[in-house]
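First chain written, first letter: the chains are A, B, C, D and E, and each begins at residue 1.
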Amino acid sequence: MSEERSGNIGDAQRRGLVGDEALPDEPAAEPAALGDEVSSLRMILTLGAAGALAGLLIVMVFNATLPAIEAHRAEAVRLAVTEVLQQPARYEALSVTEAGLVELPREDVQPANAVLVYVGFDEGGRATGVAVTAAEAGFQDIVGLIYGFDPQSGTLLGMKVLESKETPGLGDKIQKDARFVAQFAGARPPLEAVKRPKGEEGEIDSITGATISSRAVVRIINNSLERLRPRIEAHFQEVVR
Amino acid sequence: MSRALTFRNGVHPGDAKELTAASPIRRLPFPDEVVLPLRQHTGAPAKLLVRAGDRVERGDMIGAAAGFISSPVHASAAGRVRSIGPWPHPSGGFEPAVRIVVDRYAAQMPRRRLVPDWEGLAPKEIVSAVQAAGVVGLGGAAFPAHVKLSPPADQTIDTLVVNGCECEPYLTSDHRVMLEYADRVYTGVRIMLRCLGIERAVVGIERNKPDAIETMRRAAPRDLDIEVVGLDVKYPQGAEKMLIKVLLDREVPSGGLPGNVGAVVQNVGSIAMLAEVFETGLPLIERIVTVTGPGVRKPGNWIVPVGTKLCDLIEGSGGLDDDASEIIFGGPMMGASVASLDTPVLKGTSGVLVLSTNETRLRDSHPCIRCGRCLEACPVFLNPQRLGSLARKESFSEMLEHNLMDCMLCGCCSYACPSNIPLSHLFATAKAALRRRPAA
Amino acid sequence: MRQTTPQQDLLRGLWRENPVLIQMLGLCPALAVTNNVENSLAMGLATFFVLCGSSLLVSLCKRWIPGEIRISVYILIIATFVTVADLCLAALLPDIHKALGAFIALIVVNCMILGRQEAFASRRPVGRALLDAVGTGAGFTLALVMLGGTREVLGSGSFLNVPLFGPSYEPWVVMILPPGGFLTLGVLLLGLAWWEERRRERVKAGGVPAGADMEPSPALGMSLSERASSRGDAA
Amino acid sequence: MSELVWIFLSALVVNNFTLALFLGLCPFMGVSSRVETALRMGAANIFVLVVTSLSVSFLNAFVLVKAPYLRIIAFIVVIASLVQVVETVIKKVSPVLFRELGIYLPLITTNCAILGLAIFQTNRGYGFFEGLAFAVGAGLGLTLALVLMASIREETELADVPSIARGMGLVLIIAGSLSLGFMGFAGLLSSS
Amino acid sequence: MSEPALGVSASPHVKGGDSTPTIMWSVVASLVPVVASAIYFFGPSAALLLAASCAGALATEMCFGQRGTRRLCDGSAAITGLLLGLTLPPGLPLWMAFLGGAFGIGFGKLVYGGLGQNVFNPALLGRAFLQAAFPVAITTWPVRAESWWSLRGDNFALPLMSPATQDAFSGATPLGLMKFEQTATSSWDLVLGTTAGSLGETSGLVILVCGLYLAVRRHLEWRIPASIFCTVALLAGGLHLLDAARYPGPVFTLFSGGLMLGAVYMATDMVTSPVTHRGCWIFGAGIGLLVIVIRLWGGLSEGVMYAILLMNALVPFINRATQPRVFGAIEAEGGS
């Protein structure tokens, strides 16, 4: 029995985790009082009870924390969207599907081929732009970002990196270098990351020493737009609230 | 002939043979005393036959062979047994030895033939005569010669390999034997071929002895299938396994003997001695020793009685130079240094090398930098670097896994090591430790 | 078999049997999230919470848990507390929750926690189990903060996001990258070993009784009487 | 396709589970003193990672859609029981394989790499094939790190390591050096 | 005859010519032309940096080395310092070079027990540490200075402080130009070394000649650079044939970046390279392959350092796998 037990927590125990105080000083810890055999039923009951209690507790906590978590999420989305859409009066989450920009019942469950975007409106209820999230491989790992695009003028409205593990001090300038971020507002896709801008439209001056990360941002936006642009452009005019 | 004239790896120490290569073999006067240890050969030490005070004649057996792989010891001079007891031995320690005070006025001539004439003897009889005469290999290890002449039944021998390489630097006794006693060498070859019941012999000689190659070619008897091959100069060309690989292109299996690939290897000195024993009728009681090195005044090749003490030998060679600092029995690569001038010359002592302070200056040992030169040097393709670091941690059994037992202690790795790590010494120690350990 | 005092139960895990520095447990979070003090502290506290909660529960319920399914029940309990911690963090400190990411969930497989249940909580009374959990959890947090502190000071030039060296400090970026985690803990262990060795030499040289070897380090602020009592126990 | 290759390579070298994400450190420290053991541990890990990835794909697609908050519990329970089942099956089907891998399987349950894989796979929304590529890459990455560490540790056993560095100190510094070396792979295949 | 004092020692009683200090110092000597050309190209900055990295290495060895200062005589710490210095950009603050030398010796060598016991090349480990720690400073290449005497960057930045003049000086190495701007550099500039780059990597020809000298003196395992050059040339050549616009040709690949310095001086570090000949070929091929992979498909423009470090980690494994077949071992049984 005790052999088997040591096998179970294995690694930890082998390396002295159990220490000296783990000597079987209190055999009472073993269910000796119940006799040698523990019935399967009892085991199942115990596990079931434990599981039920655990589930109950988790659901309670989940319900208690849900509003706060939702609020945080909404706030994060709001911050990002307002930034990349240049302070729209309000915005709405819509889905880009084959049918166009439609409202779906649940934000977190998207059917295949649909992409969640945020459409911003000015005071007059005219759509001013779309904010799209996208993520692809960067220098170190996935870079996730959101960008705003105005289909009418065909230019970008802004870009914000939401998630990256790029090298601190170099790659993370795609997030922190205001000059780099500012270039995206007004740039006309398809973008191109260059070292020495010649003043052409769509050029993004890449960050010295972080060329790969800069290029990744450009590539992510280009790829995402390539996929979505036709649909967005086709249906953008229809969206008026 | 498209034969590779050397083996892979090995080292090129300077051969320094010019000191004595031109010195003809000469006899030294009898010393006042000879000391004959009972262990002069590989195998069991001889069993003592005499007591202190006994009178012995030249050629008398004073120790009897103790088994098949053993060899008797004979008195190398007429005289009286002074005492029997521990005596400095070239192996470094003390060994039981018989001290004989040489009779100044004895004739020192054979009374009668002690070894029968070989012509007309059956191979079996020759072999037992060889054992009775105490003949062993004279190249260093002193392996009893009769064992080589009686291969086990499961081995089919087809070639006798005559080792005239003498790859150890400094030594020239085999070289001189080939120059001066080529005919005797071939008589020995004839005897060995007879015993082994074969026809073919190959003589391998390093090319730094062109005169010996020439002489041996000229002297080769026409009725035997004998080939004399000049080989590249490289140490340890004279090691059995290397020589067989080069001359016959056969690889002695790991842990095996030359017999496993159908060859018997004997060096020219021993073969000449075999012939000499039958010629003179006397057992092996004297041998040719090269006394050489920068630390000795008059280097040369001397015939001396077995048991001659080092001091007598040195005196015969003009004495030690002032800066002589170390005396080595054997060649510089595998020979052992001796501390006492009383150490006697054994049957297997092919040379005495006296080094001066210039050669023996202590060099610093450095950590191993894994340069891999020992691997490039090892003729049996071991990894001395790994073995060395294992030896430092005394993981002897792990050394076995790395084929320690294939190491023949040739010293190439130590020679090549730029960090001056005494690799072969470490391996010898490890082997000894493993031998002491009860077989697991 | 050795009896332990409550103080020992509490203090053991803090330093002498520190889960990270001495027993090398829970290294995954100890290296992954310690690139600054804030994250280290949050991780330490979350683990502290889970450890205390599950120790308490396990110790309370040990009577009703059959031995055969013991481990499964422990894991269930731990996982529950981890989920609770995860949700609470997400609700209260979303930024830190985002920074710690998957590593909060990985508290479940922190061998330290399961080990304490198996080795201690399942055999001792509730009070002792809690003391032990508090000590171990605090020790874990302490180690994390030490690591996080070192890495943040060198790697970002700040402590708890407060800049220490002014704007022209050149941060050692490597310290907040993965190699920095390994190296920092490695150096910390080298330092501890060196310190331990020196102490042992001092003990040998000064003729301090051998029992002193067993006592917890005085650096942790134990009073003299406590040291005396623990020495008495150890002897 | 190139997406799958990137996921694979990223888990294998760029974001190596052990050397960059600190997952699976317990076996990395504990089972890395001999190369043979390390290889077996690695093989067992690859196996369990793949099985986990498959079941996580299943759970995410069909079970946890409704109750994402039960993720942690569901994963750990499923992994623990799966390992148990796999162990039993291997024992029955191939005693040889069981001898080779068996003793490592239970240890793997509490290996953070497994749960880590499950959670990363979920957080990144990997589907079936992506998850598989991720699991194989991560498993091979773990094995690579483990075997490298083991072969280096075998080497350092023969070295005169100073007394204070003996044990885990040196292991961590070697791990740090390896991690430094693996930084060279950053940006692999994403530099276009 | 008086009894002389006889020494007793283990066989063999003769020794080959080379000794470890000889080898080490001859490597140092062969670095003199490389150092000279570094100083010629980069002025006083080069000398200062080399001095700083050597000081870091030697000081660490002196303070923490097992047998104190005696170890300094074997020259290995000096080599580490020099080699590290040669991989640094000329504008790097001196304190960083010092730190790199100290890290390389401390964590690359002394923790393993000193000379001969380390697994990773100490100089490269120091360089990798600096690269990870100060990614900006170490990828800042100075453009041509006005006069030979002027410093090529902010060498005298205060310890722990950032160099002041980073952006003003940043140029680009041929590899960076190739990777990020698809601009090739002329082969002559590469061979002669009139390009931007680290102190020692620009003068490929000088390094090659010094390496040849060492190889002839057998103080360098020629198989490793040969294997690296062959692999790199073959792979680069093949890819260049496939797509000349995307992949640079073999001459560019061989002479750009730190490949020459790495192949001749770093990869051949005896301690951290395999002991067997077969192992050396494999080791070199692995480095060549990794260099190409990192340069062409990785995120960094130069991968020689990482390639060598990664292959260093594989050396124990290569050594195991390439154990020579023992003389007389039956063929079928293989190596072990």
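One rule holds in what follows: contacts are C-beta pairs under 8 Å (C-beta built on N, C-alpha and C of every residue); 3 or more make two chains touch, one makes a residue touch a chain.
Owing to the predicted nature of the structure, the values given are computational and were not obtained by experimental measurement.
S.K.: To reach chain E from chain A by way of touching chains, what is the minimum number of steps?
M.R.: 1
S.K.: Identify the chains in contact with chain A as well as chain D, in label order.
M.R.: C, E
S.K.: State the chain with the largest centre-to-centre distance from chain E, centres being mean CA positions.
M.R.: B
S.K.: Specify the chain most distant from chain C by Cα centroid.
M.R.: That would be chain B.
S.K.: Which of the chain pairs holds the record for C-beta pairs in contact?
M.R.: Comparing chain pairs, contacts are most numerous for B-E.
S.K.: Could you grab the centroid distance between chain B and chain C? Build each centroid from C-alpha atoms only and quote it in angstrom.
M.R.: 69
S.K.: Taking each chain's centre as the mean position of its Cα atoms, how many Å separate chain C from chain D?
M.R.: Comparing mean C-alpha positions, chain D is 24 Å from chain C.
S.K.: Determine the centre-to-centre distance between chain B and chain E, using the mean Cα coordinates as centres, and give it in whole Å.
M.R.: 49
S.K.: So, what's the distance in Å between the C-alpha centres of chain C and chain A?
M.R.: 31
S.K.: If I count partner chains per residue in chain B, which residues reach a count of at least 2?
M.R.: Within chain B, no residue touches at least two other chains.
S.K.: Note the residues in chain A that touch 2 or more other chains, in rising order.
M.R.: 8-9, 11-12, 15, 54, 58, 62, 139, 167, 169-170, 212
S.K.: Would you pick out the residues of chain C that each touch at least 2 other chains?
M.R.: As it turns out, chain C has residues touching two or more other chains at 24, 72, 76, 79-80, 83, 87, 111, 114, 173-174, 177, 179-180, 183, 190.
S.K.: According to the definition of touch, which chains form touching pairs?
M.R.: A-C, A-D, A-E, B-D, B-E, C-D, C-E, D-E
S.K.: Show me the residue ranges of chain D that touch chain C in the complex, using the header's touch definition.
M.R.: So the residues of chain D touching chain C come out as 19-26, 29, 69-73, 76-77, 80, 110-112, 114-116, 119-120, 123, 163-173, 175-177, 179-180, 183.
S.K.: Flag every residue of chain E that touches chain D in the complex, lowest number first.
M.R.: So the residues of chain E in touch with chain D come to 66, 107-108, 110-114, 117, 119-120, 125, 128-129, 131-132, 179, 290, 293-294, 297-300, 303, 305-307, 309-310, 312-314, 316-317, 320.
S.K.: Spell out the part of chain C that touches chain A in their complex, as residue ranges.
M.R.: Residues of chain C touching chain A: 1-2, 4, 17, 23-25, 62-73, 76-77, 79-80, 83-84, 87-88, 90-92, 94, 111-112, 114-115, 118-120, 122-124, 155-156, 171, 173, 176-177.
S.K.: Spell out the residues on chain C that touch chain D in their complex, using ranges where they run on.
M.R.: Contacts found on chain C: 24, 27-28, 31-32, 72, 75-76, 79-80, 82-83, 86-87, 101-102, 105-106, 108-111, 114, 174, 177-183, 185-187, 189-190, 193-194, 197.
S.K.: Considering the complex alone, what residue numbers of chain D touch chain E?
M.R.: Residue positions touching the partner: 35, 147-148, 151-152, 154-156, 159-162, 165, 169-170, 173-174, 176-178, 180-191.
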